[in-house]
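Two complexes come next, and they have one chain in common, chain A, joined by chain B in the first and chain C in the second.
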Partner chain A sequence: MSSWKPLDKMTILSHYYPRIEGPEKVSGIARYTYDLQLPGMLYGGILTSNVAAGKIVKVDTTRAKQVPGVRVVLTDIHPTGTIRFAGEEIAAVAATTPQALEEALRNISVEIEKNAFVVSTEDAMKPTAPRVFADRENVRKPRVREEGDVEDAFRKADVVVEAEFRTATQVHACLEVHGSVVHWEGDELIIYDSTQAVHGVRKDVASFLDISPRKVRTVCVHMGGGFGSKLRGGRYTAIAAKLAKAANAPVKLMLTRRQDFESVGNRPDSIQKIKIGATKDGRLIAMDAVSYGSGGISGGARVRLPHVYKIPNWRYVHHDVYTNAGPARPFRAPGSPQAAFSMDQLMDMVAEKLNMDPLELRLKNDPNPTRQKEWRLGAQKIGWQNRNRKPGSDAGPVKRGIGMAASVWMTGGRDTKAMLRIYPDGHVEVRCGTQDIGTGTRTYVASVTAEELGIPLKKVIPLIGDSDYPYSGASGGSTTAPSVAPAIKNTADKAREALTELISDKLGVDADEIQWKNNSIRVQNKTLSWEEACAFIEDEPIEVHGKWTEGLSSAGVAGVQFAQVAVDTETGQIQVERVVAVHDCGLILNRLTTESQINGGIIQGISYALLEERWMDPTTGTMVNANFQNYKIVGSRETPEIEVILYDEAERGVIGIGEPPTIPTAGAIANAVYNAIGVRLFTLPMTPDRVLEALSQQRS
Partner chain B sequence: MNNFKMLRPENFKEYSIAQKTVSGSKLPFAGGTDALDLLKERILQPDYVVNLKRMADLRGIQEEKNHVRIGATTTIAELAGHPVIREKFPGLQQAAESIATPQIRNMGTVGGNLAQRPRCWYFRGETYHCLKKGGGMCYAYVGLNKYHAILGGGPCFIVHPSDLAPMLIALNATVHLLNAEGKRRKLALKDFFQLPAQNLFSETVLQEGEIITHVDVPIPQAGNKNLYIKFKERETADFALVSVALSLNMRGNTVKSGQVVLGGVAPVPWVVKEAESLLNGARLTEALAEKVAQAVVQRAQPLSQNKYKILLTQNIIKRAFRLITEA
Partner chain C sequence: MFPAPFEYHRANSLEEALELLARFEGDAKLLAGGHSLIPTMKLRLNTPAHVIDIRNIPGFAEIRRSGDQLIIGGGTPHAAIEKSAEVQRSASALAHAAAVIGDPQVRNMGTIGGSLAHAEPAADYPAAVLAYDAQIVAVSAEGERTIPAGEFFVDLFTTALEEGEIIKEIRFPVDGDTVRSAYLKFPHPASRFAVVGCAVRLTMDGNTCTDARVAFTGVAATAFRDEGVEQDLIGKTLDDAAIKAAAQQAAENDELEFMEDHFASEAYRKHLAKVYAERAICTALGR
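The block that comes next holds the complex of A and B.
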C-alpha cells in the first residue's frame, strides 16, 4: 500500500496556495463553453413547451424556415410526443446569428392537445389529481427501511417529539447555463461542453446518437458551475450534434436561462413527518419518519434519514410523488440538507423537552469520534456557553440566537488513471481525464505532482478536461479528490522511478545509489538539480502511466456548523451574522481552496435556508420565477462572517469536501432562529412572510 | 427582442420632429435597465426605440430659489451622490441608495424609475396573457401573489416598483412632461400615477409620445424631516416588499403637516390620505404612529399569499416614525 509523506515533510500539499487558473478567471481570459467561437459556427436553440401536459399534434416550421439565416430546423427531437412538463423539447433550429435563431424559434407554430396537469406535490397526492403518467399513480410505492423494534421503543421512551417539516424545490442555477459547442470532423464528434464529466458525456452522447464512444471526444477546460446538474450528457448536446451534422457546420447550443431553470435539474421538495423518542437521560431510542417529495417527472426526492445520530430503532417510509415539472438531478449532497433541517431541529426539541443542553444531547448520541471533537471545538469558537439561555428573551425587536447542526458524507473515490511526461527542459506535463468544476482539481493535479517530484509548482503543466486523456470519473459525490489525487501521486512516483532508471543507465550506476532529496538528486557524491537530472533525457520525454491505488484516500467525513443569527421580529428578516464551520477531509491538499469550498457550501446553504424557492404557477403549470430577479439567491449583504476550522486527519489520506459543507447550514440557522425568537420555523426557505406568520401564530 | 430602429434626438425640437414625422410605435429609452428587460421578454415590441440620453436638457440637478430641479435622465447614482440632495432630502438619498445594485444605479435614471413598468411575474412573463396585456384574467389573483398588492388592487394586482416615487410624492414633487407635439404640462407627482381600475394598461398618465423632462422638488421648510425605509426580502438587491416615505413638517415635537406614502403595497405609490388629518397638529408619539399604521391597514384587502404584508406595513410605518423621532 502506498502512503503520503508525513505532513511536516510536505512543502506544498496541506499548505495555502492559490488556484493556478485564478488569474485567467479574474481577468476574463479564461474561456468557458459559452465563450467559444468556432469558424463558421452556427447558433443552435431549442423550442421548449410552455404547456405542462399534452400531446404534440402538429409542428409547422414553414415560416421558421423562411427566416433569413436559418440553416436547419428539426422537429423530431421529442422522443414520444407526450409532454409532461413545461420545458420539454419540441423543435430545434440552427441559424447564422442569435437573432435569426430567436426569430425562427418564434415562428414555429406548435399545436398541442392539452391535458390536465398538477405541479404542486400536495395537490398531486390527492386521489382526484390528474395523473402525470397515465399508467401509474402519482404517489409511488413507498420505500421502507427499518431497524429494530420501533413500536416497542416508543413505548419505552420517556419523551416523544413530533413535527412536520417542509423544504422547497431548489434549482441549481449555475451561472453558466447548460450547453455545448459541437463540431463534426468526418464521422468524429468533438463536444465542448459545460460539464462535470467529460468521459460521461462522451458515453451518453454516443448512446443518444447511436455511435461508438470512440468517435466522440469531450472537452471542458473551464466551467461555470454544476452542483450535480451536469453529471450526464445532455439531450441538448445530441440535438446540437444533429443540427451540426445537418448543417455541416459547428453549432453552439446553450440553453436559455428559463430552460436552465425548468428542465435540467433541481433538488426536490420534501414534506417530512418525523417522530423521535428518547429516554430521560437523553438517549435517542426511536424514530418513525414518513416523507413525500417530488422530483417532477422523476423520482429522487428521498431524504437521507436517519441523519448522523445513532437511533437503534427506526423506520423510514418515503414516497416519491410525480408532478408535471422538470426532473430532479443530484444536487450537492442529495437528500442531506433536508435531513439536517428536520433532524437537527428535532434534536433541539428533544433537548428542550428534557431540559438538557442541545450540545450535550448531541455528544450523547453522536457515534462519530471525529465529530465529538468537532462539536466541542465549534461550540467553543462560537461561544455556545454565552448563548441566549431562554429563547426569545433578548430585549428589543431584533433578537439574536445560536444554533448548530451536523454534517456527514460517506463517499470516497477510485478509478482514475493519469499519464505524465517529463521533458528534457524539466517541465512536467500531467494528463488526466478529470475536470475542474471550480473546486481546484487542476491545481492539485499540479501540486501533487510537484510535491512528489520535489519541484516547484510552476514546472508542472496540468492538462485535464478532455476525454482523450486517461479515464477519470464524473466530478460528483465529493469523489473527485480521493479519486484523482492518489492516481496523480502514483503516476508521479512512477515518473521518479523512470527518471532514476534513466540516470542509472546513463551513468552506469545502480538505481539504489541514486537518492532523491527535496529539490535535488544525490548520485556518486554529486548533487544534481532537477534540471540537471532532466537533461539526461534526450529527445523524447519520459512517459509513464499510473492509476489510483489503495492507501492514499478514505471514505467518510464528519463536520459541524454553528450559526449566529439576528432576527428582526418586526420584519421577519433573518440575518445570519456568523457561521463557525468545523470540517474534516483527511489529508487537506490545499487549505485555501478547501476553505473556499466550505465558504461556498455555507453560502449556498444560507441561500437554501433563507431565499431559494421554485414557484410553479397553478394555472399554467409553468415556473414563474425562472430568472435571477425572482429566483432569489443570496448576495454579498446576506453573506456572514464565516470562520472555517479544518480538522486535520492527514493519516486517513484524501477525502472529498464538496458536498459536506452545504448540509448542516439550514439546520443550524433554523435552530439559531428558534434560540433567537422562541418560535420554530418548520418550512424552508425561512422568508420574512413565514417568520412573521410563525410569530403571529405564537402570539395568538 | 424584435428588430427595431433607433431614433436619437439631440434636443426637444428634434424629439418633436421625430415624433411627428416618423410613424410607428416608439419606446423611450434612457438607462435601459427596465426597457431592455421589456424588450427581451417581448412585453413591448416597438418599431422605434427613442434614445433620450443625447438630449442634454434632460440631465442634471439644479438648485433654484424654491425648488430643486432633477432632470429625467439624471442617473440614480448622480441623484444619490448630489450634495444638495444629501443636504435637503435625506429621504430621497436613502430611496436612491436602496435601489437595485451599484451597476443599475449607474445606468438607471430618475425618469425611468418613475415610468418603469411593474415587476409582476405574470406581466413580465411572455407566456401569460394577463389582463394588463389585454388578456382575460389576472393570474396573480388565482395563482401566486406573495409579492402583490394589498391596497388599491383590482382587477389587476401589481405593485408599483418605484422607490423614488413614494419619497418624491411625500416631498410634494411636481413632474414636468413634454408631449409629441412639443407641448408641455406639469402635474403633482401623485396625480401622475393611476390605478388599474382607472387604466389597466398604463400605470401613469403619460400619453403616447409623451416623456418626463424633469421633476421639481420644493425645498422643504425649516423643521422638515424626511426619510425613506425600504424592506427587501433580499438586502443585496431587490424591490421593496414594503417601503415607507415619510415627510413631516415639525415645530418642536408637534407635527404641523406631513405625508406618508407607501411603496410595494399598491399598484401606485400609495398616499396614506388618512395620515394628513391624523398628523396635523399632533404630537410625534408612538401612539400617533400606531394610529397611522392602523388607518392604512384597515383598508387592506390581502390575497391568498400576501396577508403578511399587512403586519409588515404596520411595523415599517411604526419604525419610520420611530427613526424620524430619533433623527
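The block that comes next holds the complex of A and C.
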C-alpha cells in the first residue's frame, strides 16, 4: 500500500492555488463544445414531440427538404414510434445555417395519434389514471427495506412525530446544454461532447451506432455543467453522427433549452410520509416511512432514508411512479437532499416535543465521530447559542432564525490509469482519460504530479478529456478525485523511478545512491536540478504508465450546514442571509477548488430550497417553465454569505466532495424558517405563497 | 431562435416613420428598444413584414420641463428616466419605476413609449403613468391626440392606440411641494417583472391627505387605479393605523380580471397588493 507524504511536507497539495484553466475561462478563450466550429460544419437539430403520449402515424418532410440550405432530413430516429413524453425525438435535420435548420424543423409536419396521458405523480397514482406503459401499472412494485422490529419499537417510544413532506422535480439546467460536434474520418467517428464521461460516451455511442468502440473517439476539453445529467452517451450524439454520415460533413447538434429541460434528466419529486419514535431521553428508536416519486418514464425516485441518524428499528417502503414526463437522471447526490429536508426537520420536531436542544438531539443520535465534531464547530461559528429560543418571537414583520442539517456520502475511488512523459527540457506531460466537469480535476492532475516530482506546477501539462488517453471512469458519484489523484501519484512515482534509473545508467552509479530531495537530486556529492536531471534524457522522452492503487483514497464523508434566514411574514419571502458549512473530504487536494465545490453545492441547494420547480401543464403534458425566464436558479444576487470550514482528515487519503455539500442546505433552511416564524414548511420549494399559506393556517 | 424574414427601415423623423407605417398598412412594427418586439418575433408570435426603426429620430428621447409639466419623449430609454435629476425631482414614482425595470441592459435599451404601447400587464410604467394621470400624446398622419392614462390600457397587450399611431411623448404633472410619490414592486424572481407593483401619489396638507392616486400593475389584466384605497386615504390624517386600514382596501374590486400563475395565485396577488400599498405609501411619506 502506498501513502501520501505528510501534510507538513506538502508544498502544493492541501494549499490554496487557482485552477489552471481559470484565465482561459474568465477571458472567454476557453472553447466549449457549444463554441466549436469545424470547416464545412453543418448545424444539426432534432424535432421533438410536443405531445405527451401517442403513436407517430406520419412524418411529412417534403416542405422541410425544400428549405434552402437543408442537406439531410432523417425520420427514422425514434426507436418504436410510441411517444411517452413531450420531448421525444421524431425527426432530425442538418443544414448549412442555424436559420435554415430552424426553418426546416418548423416545416416538418407530424401526425400523431394522441393517447391519454398523465404528468403529475399524484394523478398517476389514481387507479383511473391513463397508463404510461400499457403492460404495467403506473405505481411500480414497492421496494421495502427493514431493520429491527418497527412495531415493537413504536410501542416503546415515549414520543412520536409524523409528517408528510413534498419535494419538487428539479431539472439539471446546465448552462451548456447537452450536445455534440461530430465528424467522420473515414469510418472513424470523432465526437466533441459536453460530457462527464469521455470513455462512457465512446462505449454508448458505439453501441447506438453498432460500430466498434475502437472506431470512436470522444473529446471534451471544457464543459459547462453536468451535475449527473451527462454521465452517458446521448441519443442526440448518435443522431448527429447519422446526419454527419449522410451529409459527409461535420455536424454540430446542441439541444435547445426546452429540449434540455424536458428530455435529458431531472431530480424526481417525492411525497414522503414519515413517522419517527424516540425515547424521552432523546434516543431515536423507530422510523416508518413510505414514499412515492416519479422519474417520468424511468424510475430513480427513491429517497435516501433513513439519512444519517442511528435508528435501530426502521422500515422504508418506496414506490416509483410512472408519469408521461422525461426520464430522471442522477442529480448531484440522488435522493439525499430530499432525505435531509424531511429527516432533519423531523429531528427538530422530535427535539421540540422533548423540549430538547436540536443540537443535543443530533449529538445523541449521530453515530459519525467526524460529524460529532463538525456539529460543534458549525454551531459555534453560526452562533447557535444566540438563536431564537422561542420560534417566531422576533418583533416586526421580518423574522430571523437559524437551522441545521446533516450530510453523508459514501463513495470512494476506483480504476483509473494514466500515462506520463518527461521531456529532456524538464516538461512533464500527464495523460488521463478523465474529464474536468468544473471541479478542478485538470488542476490536480497537474498538482499531484508536481507535488510528487517536486517541480513547479507550470512544468506539468495535464492532458485530459480524451478517450484516447488511458481509461478513467465517469465524473459522477463524487468518485473522480479519489480515482484520479491516486493514479496520478502512482504514475508520478513511477516516473521518478524511471528517471532515477536513467541517471544511474548514464552515470554508472547504483540507483540507491541517487537521492531525491525537494526540488533537487543528490548524486555523487553533487546536486542536480530538475532540469539538469532531465537533460540526461536524450531523444526519447521517459514514458511511464501508472494506475489507481490502494491506500491513497477512501470512501465516506460527513458534513453539516447551518443556515440563517430572514423571513418577511408579510410577503412570505425567505432570504438566506448566511450559511456555515463544515465538510470533510480526507486529504484536501486544493483548498480553493474544494471551497468552490462547497459554495456551488450550497448555492444549488438554496436554489432547490427556494426556487426550483418543474411545472408540467396537465392539459398539454408539456413543461410550462422550460426556460430561464420562468425557471429561476439562484444567481449572485440571491447568494448569501457562505462560510466554509474544511475539516482535515488527511490521513484518510483523497475523498470526493462534489455531491455532499448540496445535501443538507434545504433541510437547514427549512429548520431556520421554522425557527424564524414558528411555522413549518413541508413542501419544496419554499416559495413566498407557500410561506404565507403556512402562516395563515397557523393563525386560523 | 430566429425571427421570420422582414424588411428593415430606418426612420429619421416621426413624419418618415408615420409615412412608412401608413404605407405598410398594418404589416409593420415599430422598433424602439426592441426588448419586447424582438423576443416575440423570435418566438414567431409577431411576424411583421416590415420593421421600422425609430431609435434614431432626433429629439425623440428628450426629457424636458414645461411649466408644471414634465414631458418625456416616447423614445426615452428607462435608464435615462431613472437617472434624470429632473425626473427624480419632479416625478419620484416614475424614477423609482424606471430604476427597477429588468436589469441594466434592459434599462439601457428599452423605451417608455415602447413599454407603454406593448402594454405588458406586469410592466412597471403603467402603474406610475396611472398614478400621475399622465397624458399620452399619440401622433399619426392625421395629427396629434392626447389620451388620458386612465383610458389608455384596454386589456392584456391592448391599448387605446389606433393603427398608424406612435407615442410621441408622455406628459406628467410635476410633484409640487405638497406631493409625495413612490413606486415599489415585488419582482418575479426569474423575469423581474412585477408580480405586484404599486405607485402612489399623495397630496398632503401637513399630515392630512387631500388627494391620493394609487395604481397597481401585475395584479390584473391591465394596470388599474385603486379607488378603494384612494378614497380611504383622502381626508385622513395618515398615521400608521390609517395607512394600514386604507391598504387593506387594495385589490378588493371584484370586477378586476386578476392574474394567476404558478408563482403567484390570485389570492397571493391580492394579499401582496395590500402589503405593497402600505409599503409604497410609507415610502412616499418617507416613513
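Worth pointing out:
Following the convention adopted for this analysis, the second predicted complex is superposed on the first by the 700 of 700 C-alpha atoms of A that agree within 3 Å, B and C clash if a C-alpha of one lies under 4 Å from a C-alpha of the other, contacts with A are read in each partner's own complex, and residues count from 1 in each chain.
Just so it is clear, a contact is a pair of C-beta atoms (placed from the backbone, for glycine too) under 8 Å apart; a residue touches a chain by one contact, two chains touch by 3 or more.
Everything quoted here is computed from the prediction, not taken from an experiment.
In the three-chain model built by superposing on chain A, chain B clashes with chain C.
When the two complexes are overlaid on their common chain A, residue A:2 makes contact with neither chain B nor chain C. Within the superposed three-chain model, A:689 lies in touch with chain B and with chain C [touch as defined at top]. Using the contact criterion defined above for the overlaid structures, shared-chain residue A:385 touches neither chain B nor chain C, since it reaches no partner. Of the two partner chains placed by the overlay, only chain B lies in contact with A:50; chain C stays clear of it. Legend: residue contacts after superposition of the two complexes on their common chain; A:631 is shown touching chain C, with no touch to chain B.
In the superposition on chain A, contact is made by A:615 with both chain B and chain C.
In the superposition on chain A, A:527 makes contact with neither chain B nor chain C. Of the two partner chains, neither chain B nor chain C is touched by A:248.
Taking chain A as the reference, the larger set of touched residues comes from B, when chain B and chain C are compared. Chain A uses residues 99, 570-573, 611, 615, 624-625, 629-630, 632, 638, 687-689, 692 to touch chain B in one structure and chain C in the other. Interface of chain A with chain B (complex): residues 50, 99, 570-573, 611, 615, 617-620, 622, 624-625, 629-630, 632, 634-638, 687-689, 692-693, 696.
By the touch criterion stated above, chain A contacts chain C in their complex at residues 98-99, 102, 570-573, 611, 613, 615, 624-625, 628-632, 638, 687-689, 692. Residue ranges on chain B touching chain A, taken from their complex, read 3, 119, 121-122, 125, 127-128, 137, 139, 142-144, 146, 231, 233-238, 241, 305-306, 308, 311-312, 315-316, 318-319. Partner chain A is touched in their complex by these residues of chain C: 1-2, 186, 188-191, 262-265, 268, 271-272, 275.
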